[in-house]
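I'd like to ask you about the structure that follows.
By written order: A, B, C, D and E. Residues from 1 in each chain.
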Amino acid sequence: MGVPEMGRATLINAALFAMLPLTALMALLLDEPFIITLTTKVAILALAGVGLNIALGLGGLVSLGHAAFFGIGGYAMGILAHHAQTYTPLMEAPFLLEGSNSMPLIWLVAVIAGAFAAMAIGALSLRTSGVYFIMITLAFGQMLYYFAISWPAYGGEDGLSIYVRNGFPGLNTLVPIQFFAICFAVLALVLFGVGRLAASPFGLALAGARQNPERVQTVGLSPYRLRLLAFVISGAITALAGALFADLNRFVSPTMLSWHMSGEIMIFVILGGVGRLFGPVAGAALFILLEHVLGGLSDYWHVYLGILLLLVVLFARGGLIGTLAGREVAHD
Amino acid sequence: MSFLSLQGIEASYGPTQALFGVDLSLEEGAVCALMGRNGMGKSSTVKVICRLLKHSVGQVYFKGRDMAMLPPHKAAQAGMGLVPEGRRCFPNLTVYENLIAAARTGHWDFARVTGLFPRLAERRDQSAASLSGGEQQMLAIGRALMTNPRLLLLDEATEGLAPVVRQEIWAALRILKSETGMALLVVDKSLRDLRQVADSAVILERGATVWAGAIGDVTPAVADQYLGV
Amino acid sequence: MTETLLDIKGLRKSFGALVATDDVSLTLNPGEIHALIGPNGAGKSTLIKQVAGGLAPDAGQVWFAGRDVTGFNTAARARAGLGRTFQISSLAMEYTVLQNAVLGALGARGTVWRFFRPVMQDAELRGVAEAALERVGLMDHRDKRTAELSHGQRRLLEVAVALTLKPRVFLMDEPMAGLGAGGSKRLTGFLDGLRSEAPILLVEHDMDAVFALADRISVLVYGKVIATGTASEIKANRDVREAYLGQEEAS
Amino acid sequence: DGHGGKVKVGMITTLSGGGAGLGIDVRDGFMLATKMAGNDNLEVVIEDDQRKPEIAVQLADKMIQSEKVDVMTGIIWSNLAMAVVPAATAQGKFYLSPNAGPSALAGKGCHPLYFNVAWQNDNLHEAAGAYAREIGYSNSFILAPNYPAGQDALTGYKRTYGGALAGEIYTKLGQTDYAAEIAQIRASGADSVFFFLPGGMGISFLKQYAGSGVDLPVVGPAFSFDQGILQAVGDAALGIKNTSQWNKDIDNAANKAFVEGFQAEYGRLPSLYASQGYDTANLLLSAMAKADVADADAFRAALAEADFESVRGDFKFGPNQHPIQDYYVREVIKDGDVFTNKIIATSLTDHGDAYAGECSY
Amino acid sequence: MSTILLIEQILNGLQFGVMLFLMAAGLTLIFGVMGLINLAHGSLYMVGAFAAAAVAGVTGSFVLALIASLVAAAAAGALVELLVIRRLYARDHLDQVLATFALILIFSEGTRWLFGSFPLFLDIPTAFAGPVMLPGGIQYPAYRLLIIAIGLLIAFGLFQLIARTRIGIQIRAGESDREMIAALGVDISKLYTIVFALGAGLAGLAGALVGAIQSVQVGMGEPVLILAFVVIVIGGIGSIKGALVGALLVGLTDTLGGVLLPELFGTFMEASAATAVGSSLASMSIYILMAGVLLFKPTGLYGRA
């Protein structure tokens, strides 16, 4: 990697990153609250993508089941807030557990639940590799999806509506720009953390295991453990994004767990550039922008979306950032 | 015009240029040794000849035909057979399937190849992935012979082979050359072996031809200067 | 003689009807190079895999530094001090040469569970890695991506990574393969010096190197050790000449 | 602030993907009514929800925050309605449902600003149950997909049917092969079959049922026998009885104008959904004639009067602002080349819904 | 449950399996043999069904409709291969995922553009319309027997093609090293176009055959696509035999799970709760099956490491 190119990538990353708050601020000035909401959506979906990118980009673990974690985060929010909203306890025996509508607490629960789910799913799935891994993660995702649809306690396929957004100490989360600020701050923190992670010894070993597991073993490291940990971190971050997404919509339903969702998160990552720290940000921004702009054009706007995506894959190799930063893709 | 000729070839992998002016020519039925230290461009030259690498400057002629626009399979059909560096057997195919995958009719058939390498007959229905390194090497050579080429490109074809087998292969190639008039371009590290089969030699340094002549003229001094022996 | 470092006892491995390793026992002592030669398909790589941990033997044990490591997996054996090179290069192809070496150094350090310190700025790891690259002569290429190396250069990197592990024993599967004549000569010199750091179990078809280096040579044919001895003993062995060396090598 | 009688409507409906036909019909019915009324004070913004609840929620945010609409409508699917309606009404917007009628919004979750112009989800199934009882079926085999609307469907049927059940099955949502269910029906000794399988599921079921040799009578709600999909089912549907609050042969002036107008404008026969969209627009127009939307109470009262010419004939709202109306039994017939429905009986008259009692504002 | 019913359900399971195989066969060719993740395979299935419906609508002939489905889907496949897919072989699986996802969007909405938003009509020919009586007093739809026959025939043909013919060998060789097989003189590009078109044609044929007893509508391919992926993963990617066995397993599990689980729960639960719980579990059953198989055989039943 040449130094000037690195410089260019950094520049693009900075520009991309600044674009989000700038858009939000601009919308605030123009009194276009919906644009702020859209920007918030980009930030949250980017966060989900950043989570997936740890497994996908760094670890080479192509998970088509990340909607499971996204949805688990969503339901963590939905269930806690639902109980708080209806003043019913979450459980009474063996000890009393109340619902909650405090965002930080919900996040904590989402992250822990996501991590545990990723641990369980990962521990089993990582026995396979390649396409089989894609499919087994899909299988676990679909199991959760069908479970959520037919489990009546929390709305089944109808999902759960939460009428007010959960609270964050000192902020009014219902004001779009304030909620945006929260989501953006979370994204920024996670990006910083993941950036460090990628450059750390763990990151080097993990990416090494992606390229050549045999090699990592012969230097005395266990690819399985490296990957499992990556998968857990990845699931936890995606779950956090799920909790935020549920809060954005004040709604959660099994569609958050469907394979379409997994596919969409993956598409943000690929579109932006696999393994690029800021790739999911670029990918989510472009996708949401297209969806929003094209959606108004015609009943058949999916055709245009399809064509544009196709052009990106065929001609923008290495995703958006890869193309802009001008470095050829790593794998050939 | 020669059977095979390269003039002023330059070629790159993406942004990295590997060849900076390779000249080489070979007559029908002749054997040329391509030599040079590691990373000097021997394999890249071989790839340019069989079109796996496109050159940006210079000309490649094979049997009087400009190869510039030909895709690899056309080059092969024109009569080139490749034993690539690193063997590249098809791991998911059996030995037999590897051999017949791209076979063309001619002198070399399954019986003749397994006559040369009896081990391959013993392993006929085993997957190539489970062969030993040397067995894979035999398979790669056999596979190229099965296409009955007029020009055989051998890139480190004896790497990892036991000395006896190596000697057998060179012996077979010598017979081949005299009986069928097949031309050979050989990359190999053993100067001693090359001296037995080759007629001429070309030495590369930093991607360019720096020495060419009869194999007998590769004196210890030349070898020391260019090959570090 | 000092105590044996690596002790292979009665290893046996078959693939279906094929007995690839047939009751093989070998030892490796400190300071020596023990070469393993034999025809293609004799079972040399299979043996190395069983010692390094990629393949479980059907019977027999591998003792290393007084411990039975037969039940260890590859990673555990590497941590115990078995450093291996592959017959066919096995490297992280997208990494730079230096990153590959740092990965080795990291493995040798044992702990990767650090999440926030940039690894390429870790002076200690870099030091180990660069020293190893220097020794095999790849320092000039350290920022090249491994995929851009020529075949021979990759072989050298393979050796360099093994060096970073600071192993107590080297298991080398055809390190000379793919090196030019000059390269082989240099590597031969290098390995000669290396044996004082850690003994080497060396599989090689390059007889010049084997005869120049080996203190002892074992010959494997059809999975069985048919002879063990010094270079001159082996050269003089008729069976070995017939099965393996052929005419000129022995002359 | 006074709107000067202007009303801005936000329509969120399904216009792309597999379920698009329903949304397109609702939209077309709605737009036909506004065109026929020629009322310049009505402005409609339309967005495609792609049948995804999350997208619907975000579009609702957009309608409310950026478009600043007064009234919302359009949603086809119950799960999307559950996602959007409570939030919209909580923010003071009127919501007029042209199709989905989940029980939660009819009972405890009812809201003064929420009006359902179609039916409560159970209604058509109740009508089917009532018909089955009347005609003397006493051992029905019933099936529906395993999701809330499916559970509502079987509950609704059982509520009015009252006979024994030969079997009760929940199928997988989106299932396309029903051989196993049909075998169970064959073996069950049932005297009739009731099913609720909307969309492609119903088409598959009917075709496979027809080929199976089982010839028990079938009843179901209109959804699997409506104009849009009847042609795709073909002969397999002929003669089947289905229940609906509307049909194109209902004899009144409004319906006649609607059916003719729709055919003239779009070149196809209108469907149930189109009729619902059409009625929704006319309800809205009738309220606009009486009150300003800025005065929410007055506008709500005007809506509640339901003072418009419904294509269904008599139409009024119950206490929970869901329809009180007649439900008919239709039979699938072939009219020339076209499959269509003919009303053969009235199943329920002036029928409300079971949840109204739970609703209090 | 009576034995006869159980046997009939097993038959149904097998038949559903064969139906899945029809779809999985083309997918295994493309996915397994060429190493390409083709999410748009479901779209080709849809193209076949629509082509058949359109031709049947005009000509009234089912045989012509089947031919049209094959031709239209194969042509669409060849076109897609030439324009898009061939640039993707050398790429990461992920690029293939994105590109073929884009193709789904284009195909689905393009079809809706051409044919409208309402399902189309395609019916089975009258010769196969009714049930036939099998030994043991089982009534079984004749058309489903026809599907079983066609499916098994295709299975046999494909197996021969891939395992026995030289073309099959070359295709498999190309899967592991495209460049090398080209360097040996095989025009792998042309070969792949043909294979892709063949796989597409099979998907189209499956779409038409299945469309006659299901609904022909936009998006009909997606649920089957996922099932077909499940099938070939259970069977082991690249193995035609595996695809057949996997399809039968999935068919049986799905059918019998849906029938037996509610009954099982009914033995100790109240009826309507038992149906609900039983059918929830049944809808998860094939995924549980897949996860189970992969845990014990990480490369599927007949897959290679």
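Methods note: a contact is a pair of C-beta atoms (placed from the backbone, for glycine too) under 8 Å apart; a residue touches a chain by one contact, two chains touch by 3 or more.
All values derive from a computational prediction rather than experimental measurement.
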Could you run down the chains that neighbour subunit A and subunit D together? E
Chain whose mean Cα position lies farthest from subunit A: B
Approximate Å spacing (C-alpha centroids) for the pair subunit D, subunit E: 34
Using mean C-alpha positions as chain centres, tell me how far subunit B is from subunit C in Å, no decimals. 28
Averaged over CA atoms, how far is the centre of subunit A from the centre of subunit B? Could you give it in whole Å? 50
Measuring from the mean C-alpha position of subunit C to the mean C-alpha position of subunit E, what distance in angstrom results? 48
Which positions in subunit E touch two or more other chains at once? 108-109, 112, 276, 279-280, 283
Residue numbers of subunit E touching subunit A in their complex, please. 31, 37, 84, 87-88, 90-95, 97-99, 101-106, 108-110, 112-113, 226, 229-230, 233, 237, 276, 279-280, 283-284, 287-288, 290-291, 294-295, 298-300, 303
In the complex formed with subunit C, which residues of subunit B make contact? 13, 16, 36-40, 43, 85-86, 119, 130-135, 137-138, 156, 159-167, 189-191, 223, 227-229
Note: in the complex, subunit A contacts subunit E through residues 56, 62, 124, 127-129, 131-132, 134-136, 138-140, 142-143, 146-147, 149-152, 259, 263, 266-267, 269-271, 274, 300-303, 305-310, 312-314, 317, 331-332
For subunit C, which residues count as touching subunit B in their complex? 15, 38-46, 87-88, 148-153, 156, 174, 177-186, 205, 207, 243-249
Which bits of subunit B are touching subunit E when the two form their complex? 50-52, 71-73, 75-77, 81-82, 84, 88, 90-93, 97-98, 100-102, 104, 127, 143-144, 147
